[in-house]
Structures are given as structure tokens and as C-alpha cells.
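I have placed the structure first, in the form of C-alpha cells, so that the comments after it can refer back to it.
First chain written, first letter: the chains are A, B, C and D, and each begins at residue 1.
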């Protein structure tokens, strides 16, 4: 789980979190969730496995304001040969304010899709419902 | 249509455009598209009509690199009572590299959804297929 | 003190932290430092005192990479009638990698510079060397 | 010269351009200025010469708001063995609203400072006062 305040850098002149910045919250949350199940993306990169985002969806249901304290939770919802799907939930005071989903593709150093390495996959599976 | 180079600020350490930054391209493209059909969002704000993003989807099919020249095109795909839907297409050398969709809700100064004002709606409709 | 990992969102295609993003680290660090001495900027805003940045300086001495764990420390270096100066230090493994300074001006709701409120000033002074 | 509107993505909840985003305007402006004097940074990178930012200074004298049309101008103010200095000026309606300076260091693919290549230097010098 990733918790943060909302800072000025996250907001826009509408007074709320700028929509694109939710995706930055998602990245921080998935980095930490994967690390918590034993997957360090920087370490895998040194071994030649890179993870890129192919698709994103986002649904904002409540606004977030400067100074708010939020939590972002990521879960693994699907694991395939060369990609996996993550769900992200943003909440404030235990109320969900936004949801998102990202499809993550494993690629090699040349940018070609590759099979998710076995240890990587096993850890994803163990965390998947 | 919005055209731009890819700058360092758009990229990440993977060497390509950071996924969240596509949404920033979309914002610049829709701002310009709406302006081209006679809708100035800053002017409407001064009249008490604000436009916020509720949902986003994004699909990245080709990578974009530092220095690339891209074009982003926005079109109106749906107009409802209090929201409208925009489609966005990113291309390089006339080849599509990413697509996205955003649902835009009209709200008043207090943040409540409101009917899209008539002139605003008429201009959206005239631009819709 | 603000500690964070370096995420993709902080980096650029050069493989290191994008220079402008240091200023975002500074904001998170000063927000927390001020809070730790009893100054909540969001609360002061509700009372009509806003804090804006007028000048910035930044000196990057070591690169930072994806996955790095860093600490950012902010200290108050000067307090004047309507502005104060903050120093920021970024470090990795207890080694300084960048330094910065920001001049912060107090303004009212109309954007006019105003005297730093007494309680605000007293807390800054108590934290100043 | 780089001209742009101010978009939501450039602003914060204070209603003005977020201070760190000035540095992003500077990057776009120097990229274009260098290109206009025959220096393509992406091309030089393919030849093994990279340009990184070492120091930055910024002074904001007037606020910028959503929808504003601005111009950013970059000029070469100093050229040394392995670094050069750029000045940046932001203006709205021909009135300067912010100024900045960046020190740019030439490095090789391993990140070591290197002498500015002769052709690169000659072009900088020709553009320098």
C-alpha cells in the first residue's frame, strides 16, 4: 500500500488532483506492491526483464484536494504468458475515490515482448486471487 | 491537432514516453480541438462552467522516443446531457502509436454536475460524427 | 525529512532523475518540515495565508537512478517580513547529491504579499539556526 | 522561441503555474533554440555526446494563469570547455514574467564530463553575445 499527502504538484488550477497524476500514484503503488511480494523491478531490469505499461483505465469518483491524505492499493488481477493486469484503488478516509487498471507487458532489452520469468510469475500468482 | 516533439520531460528511464504523459498530450490536444470549434474552456470557466475528466482509457501500441515528432488528434465521439466523450489518437509519421478516450463532465463552481450549456453543446454536436 | 524511492515518473530518457523533478522533491520535503514545526500550509490557506515560490536555485552534484532510495531535508535559513528562505539537501546513502534553495513569499487571497502571521513566523524562527 | 498556452497540467491548486513547471518550459525552449542554431541534441546523443543540467536558477516575477499565452526565449550566455550557460526568459504580452538560467554540461555515454565537440561549440559561440 502506498500512502501520501496530496501536494501542490499533484493538483491543477481546478483545485483538485490533475487526472494524469493518478497514474503516477498507480506507479508508486505497484512498485511497492510488487516489492512486497518479492519482485524488485529495478533488479529484474538488471537481469534484462523490463516491464512496460500497454493499457490503462481510470475512473475518478470523488475529487481529491491539496493536503488530503490518501491510500493507494494495488492487486494482481490476471497473469498471462507475457503480460499481467494490475488493479489500483485510491481511497481517502477508507472511502474509494478512484479506481484504475493497468496492463503490464514484460519485454527484453531490445523491447520485444518476452515470457514472464518463472520466479516473477510465481510471485504474481501467489498474490493473485 | 496538436503537434510536438518528444522532450526529456516526456520520457522516463526506460527510454520512452512515460505512460502518464500521454494524458498530458491528450489535454493539449482537446484544448486545441475545442478551441478550433469555438469552445474556449478558460472562457467558459469565467462563466461558471468547468470541465473535469471522469474516466480515461489509453492503449499504447508503439513506443515514442526522445526527439520524435508526433501529432495528436481529438474528436468528439458522444454528447450527453452533462458529459461528453472525446477520442484521442497519437501518431508518428502518419502511423498511429497510441489511442485514448476521456469522458468529460460539466460541473458548476461548486463542483456539481450541470447540463452542458446550449451553445457549448451545439458546437460539440457540429463536430461529432 | 522526506524519504522516497526514485520511480520511473521521476526519471528521463537520460536514465537519471529529470532536473525539474528535484523541485518536486523539495516541495514534499518543505511541506513535511513545516508540518513538523507546527505549520500546516493547507490550514493556513483556509485562514487566508498562501505561500508561493518566488526564486529557486538548484545544484546537482551526483546523478540519481531508478530505484535509488533518497532522503530530502529542508531547513529554514532566513525569515523576513513577508518572505522566508528554505534550504534543501538531497542525499543517498548519507552522501549529498543535490542542494537547493527556495524563497517563499506569503500572500493573501488576492495574491498580494502580506506580513508572515505572528504564529507562523514564531515557528519558523524557532526552527531557524 | 517557444510559445505555448498554459494548460491545466502546468498549473496547481494555487491557480497559477506550478514553480517546477517553469523548468519544463525552459527545456522546450532550449531544445528549440539549439535546433535553430544547428544543434540537435538527439543527433548528438547518437554520436555519444549528452547534455545534462547541473545548476538552475529561477526568478518568478508575475503569475501565469490557465489559458495564458506565453513565449519563452533562450540565449547562450557563456561557453566553457565542458559546459555552457543558457538564459531563459518567459514573457506574456511582451512583458517578462520569469527568468531563469541553466548550466549545461557535456558528458559521454559513461556519464563523464567531456569537451564540447568543436562543431557544437562553434554553433554555440556564433549564437553567444
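To be clear about the criterion, contacts are C-beta pairs under 8 Å (C-beta built on N, C-alpha and C of every residue); 3 or more make two chains touch, one makes a residue touch a chain.
Fair warning: this is a prediction, and the values are worked out from it, not measured in the lab.
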Label of the chain whose CA centroid is most distant from the centroid of chain A: D
Of A-D and A-B, pair with higher C-beta contact tally: A-B
Centroid distance [mean C-alpha coordinates] between chain B and chain A, Å: 23
Gap in Å, rounded to a whole number, between the CA centres of chain D and chain A: 32
Touching two or more other chains - residues of chain D: 8-9, 14, 16, 20, 24, 27, 66
Arrangement of touching chains [line / ring / star / complete / other]: complete
Chain A contact footprint on chain D (complex, rising order): 8-9, 11-16, 18, 20, 65-66
Contact footprint of chain B on chain D as seen in their complex: 5, 7-9, 24, 27-28, 31, 40-43, 45, 66-67
Contact footprint of chain D on chain C as seen in their complex: 14, 16, 19-21, 23-24, 27, 50, 52-60, 63, 102, 111
